[in-house]
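Contents: one structure, followed by commentary.
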Amino acid sequence: MTQGIPFNIPFLAVAVMIGIAFYIIISQRNLIKLVMGLSILASGVNLFLITLGYRKGGVAPIYTHTPAGIMVLPIPQALTLTSIVIAVACLALMLSMIIHIYRHTGSTDSEKSRIMKG
Amino acid sequence: MASLAFWNPIACIIAFVVLVAIIYLFRSRGQKKYKKGTAQTQIFLSGEKPPDAEQRHIRAHNIYWGFFQALKRYYDPTIKAHTGIINDYIIWFIALAAAIAVILFIVGLI
Amino acid sequence: MSEKARDIFVIATLVFVEFLVIILARDIYLNGLHIYTLGASSPNLTIPENYIVPVRIILEVDSMSIFMAIITATVSLAAAIYSLSFMKEETGGDRFYTLLLLLAAGMFGMELTGDLFNLFVFLEIASIAGAALTAFRTRFADAVEGGLKYIVISSAAALMVLFAIGILYAQYNLLNIGALAQVIQYTMLDKIALALLATAFTMKLAGVPMHMWAPDTYSVAPAGTTPMIYIASQACLYGLFRTCFTLYGVTLNTATIGWIVIIIGVLSMFVGVTMAVHQSDVKRLMAYHAISQSGYMLLGVGVGLAVLGNPEALASYGREAMSGGIFHIINNALYKGLLFLTAEALFFRLGTRDLNKMGGMCRNMKYTSIFFIIGALAISGIPPFNGFTSKLMIYESVYRFNPILSVIAMLVSIITLASFTKAFQAAFTGPALPQYKDVKEVPKPMLIGMGILTIIIIFFSLFPGLIVSSIVNPATDALINQATYINAVMGGL
Amino acid sequence: MMSKIVRTMASLLILFALIYGLYIIMHGHLTPGGGFQGGAVFASGVALLIVAFGSDNVHKSLKEHHLSILESSGALIFIGLAFGGIATVFFYNFLVGSSLFGHIPPPGSNPGDIWTAGVIPFMNIAVGLKVLAGLSAILLVMALATTLMEVEE
Amino acid sequence: MRKIAITVSLSIFIGFLIATAFLIHPFGYPPSEMDDYIIENTQSETGANSAVTAVVFDYRGYDTLGEATILFAAVTGVVMLFRRKKREN
């Protein structure tokens, strides 16, 4: 069913990327690595959005000196732009909080630096 | 709604007024020559000196002690599950998402 | 800019927003739902001329949305007034109020939009503002920890929501909820998207077994903002209802997803309340009660969702169960917000949240103890307070669906009363402890903030029938009638 | 504060980074790019300065509250442009067809005319201002915080 | 025991993601009603040559407003977290 690229390899890459991200998130106790996993997750979702918009043989949807031919979908690129900025904002906030946690508890381990439980 | 057909705000207000009247009745029957700061306000413990406030107050962790003892076999695993670790929260998320997806998939097959 | 001018500006803004929301609500109850196409040449031009699908972002406000908006506006106003005197002790008040208004803006955007991706964007706004507010008191280590947990949970859940939106977009090349609801077919991809959306929203509304972030976050959030962060989770509850009822509607196997929602709700009720009895931190206790009260809403609306397929069962008890659940949202927002504020008042004066260290506060904080009693009676479902009316509707209708669920709900209500008896006895009664001899009543703005909620609670307690018939039943019908929502966008195409 | 070579090269390269960022912001409606991308390029120039000269030296001349004022003004300009079309509809592109940036380009491939796209160039500038100020503020504040933490220990 | 449960649930989750990759439309042939309208009418409606910028600022400008708000909230939060403490006097 898939002309050209077999097995939807780009979408498989998205699935593998999100799987790797979740594995990092649930297995790494270091908060910095946890945040790395979250940003890999965000990158995977962005890759998914971008691959949704691709058309075979399409050119960028910009009319300035554009070559003739069909264009790829513009909306997924706009959504990806938005979600990239959102990911950056979350990343900045998380890292600031981790800096504070390290100041207070002297550890970035999600188990050693934990105060509240039960 | 059907369950609220009987509801009547006047009844609530009347009940409240009646309660206040009863409370006032009880208070009015109380000791007339009561004065603050005299020996009347002291706790009478058959002549003994009462223990100070720290010992008299029942602390929170003493309340429902028997309840927790009776339900120990429920509480121990439940509290043990509440590890305040972020990774475990995401594990629960993945587990529930997988469970819901499997349920929807199986029900779709039938 | 002086601080007084800033405070006046914030309060005036929120009062104005409340005013606008009430005007919009009146208009919607009179003339049906409103629609607004952003950027088009006419607000009602949802679909471009001689074209078939909507292209631009469409704001769509029906009775359910405006119901949630009323809750958000009221609780935000009370929380902002409460925060006035709290901010005198802290620095960085300007940014605190900026984030408070941004949190309110995110909630309003989530509730009033008709576009899936826009819902995601405003979900992120609410999450980031709420997390930054939670970590406001950076001198406490646990405050920052709670904020980090909240933002990690929120961004993971929001990214899964975005992934589900991408799946839907890949199939139908649409982002508008109404347009998607018209063409959705409940294929395997739609099932995966539904699972991701439902799980992410359940995580954000702190449903068991993904509730564990809620106590950590609610218990450390600064004064006044705890109710707002709780209302943000209720906005995610609205997102869950919007997904299940409006986006998928009867195309999905309603019995299955309805039972899933019911089971999550019952688990939330039971685990939340049993964990709450065990707590010794007063705000953690209230946070676990917030989880268990969310279970009532999930139970009531889940019963309505389970019987959405057959109309006679829906007419006989499903609709009333949904009304009970939706009525419980606003009741719970009121008295749970009041209880959070009273707990913060205790923390503000005593400097501790540990119930083991408290005692005899009735003498020092009379009004706070009265507010606490009213809130505790309301949340425990004691007549004549408003918690009783909504719980009664849930009991009656759920009993006709499945008696065991109703019995569990009553049992949970009893344990709620027990745990609040414990909290009241430990904090307010007992002899006057020497170390708290010179504790005074909280300042006036805090009392005003708590008094607003108390007055609304008493009004709701006196006239529940009026409230149900005027604002709750329209919201229920708005959730049930999917076709109205679709036709407003697609124009009956 | 890094070595002299790094500082010299940075003080040369910062110019190109800022110019390129401004170019991307200005031509957002004709070429790939726009306010967000240009602002990110501009903030990367600020990051280069911070790496080369040290955050406290940069903080001498670049205060974060100035940056937040700049960012708020960008946000206000953006919302004001969105409200400009409120007479028709919120976010209506009210400058298309007017004399200011109102040209309509010929359909299909064309060399590109800067005087087109109505409010979009202004929105690009506003968002670019906002993003460059915001990202620079985040970078500066976090760099300052980390340096302070090293001092404390 | 715990590790087994975690592994099973994670593998089921990734399995559903891979199933998504196989069930979704073939790469390069997406459905495109909404985007075709934008590609055709972006020049005549907005005058912008770049359709992506037209989508970001005109067709979905409200999302961009929310996005700018998110950046504003993040900057406010970060600057607030590293604010100066009240000096003791």
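By written order: A, B, C, D and E. Residues from 1 in each chain.
We adopt the following convention: contacts are C-beta pairs under 8 Å (C-beta built on N, C-alpha and C of every residue); 3 or more make two chains touch, one makes a residue touch a chain.
For clarity, every value in this text was computed on a predicted model and none was experimentally measured.
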| item | value |
| --- | --- |
| Intersection of the contact lists for chain B and chain D | A, C, E |
| Minimum number of chain-to-chain touching steps separating chain A from chain E | 1 |
| More contacts between chains, A-B or C-D | A-B |
| Chain whose Cα centroid lies at the greatest distance from that of chain A | B |
| Innermost chain by mean C-alpha position | C |
| Chain located farthest away, centre of chain C as origin (C-alpha) | D |
| Between chain C and chain E, centroid-to-centroid distance (C-alpha), Å | 24 |
| Chain D and chain E: spacing of chain centres that average the CA atoms, whole Å | 20 |
| Where chain A and chain C are represented by their mean Cα positions, the distance between them in whole Å | 29 |
| Per-residue overlap in chain A, given as positions that touch at least 2 other chains | 18, 22, 25-26, 31, 34, 52, 60, 62-64, 75, 79, 81-82, 85-86, 88-90, 92-93, 96-97, 100, 114-116, 118 |
| Sequence positions of chain E contacting 2 or more other chains | 6, 10, 13, 16, 20, 24, 30, 32, 34-35, 38, 43, 49-50, 52, 54, 56, 58-64, 66-67, 69-74, 76-79, 81-82 |
| Residues of chain C whose C-beta touches two or more other chains | 38-39, 117, 121, 124, 128, 131-132, 135, 138, 144, 148, 152, 156, 170, 175, 188, 192, 195, 216, 278 |
| In contact (per the touch rule at the top): chain pairs | A-B, A-C, A-D, A-E, B-C, B-E, C-D, C-E, D-E |
| Interfacial residue positions of chain C with respect to chain A in the complex | 117, 121, 124, 127-128, 131-132, 135, 138, 141-142, 144-148, 151-152, 155-156, 158-159, 162-163, 166, 169-170, 175, 215-216, 219-220, 278, 284 |
| Contact set on chain C toward chain B in their complex | 148-149, 152-153, 156-157, 160, 188, 191-192, 194-196, 198-200, 202-203, 209-210, 212-213, 216, 253, 256-257, 260, 271, 274-275, 277-278, 280, 320, 323, 355-356, 358-360, 384, 389, 392-393, 396-397, 418, 422-423, 425-426, 430-434, 461-465, 468-469, 473 |
| Residue ranges of chain A touching chain C (in the complex, touch as defined) | 18, 25, 31, 34-35, 38, 41-42, 45, 48-49, 52, 75-76, 79, 82-83, 86-87, 89-90, 93-94, 97-98, 100-101, 104-105, 113-116, 118 |
| Residues of chain E touching chain B in the complex | 5-6, 9-10, 12-13, 16 |
| Complex interface listing, chain A residues touching chain D | 60, 62-68, 81, 85, 88, 92, 95-96, 99, 102-103 |
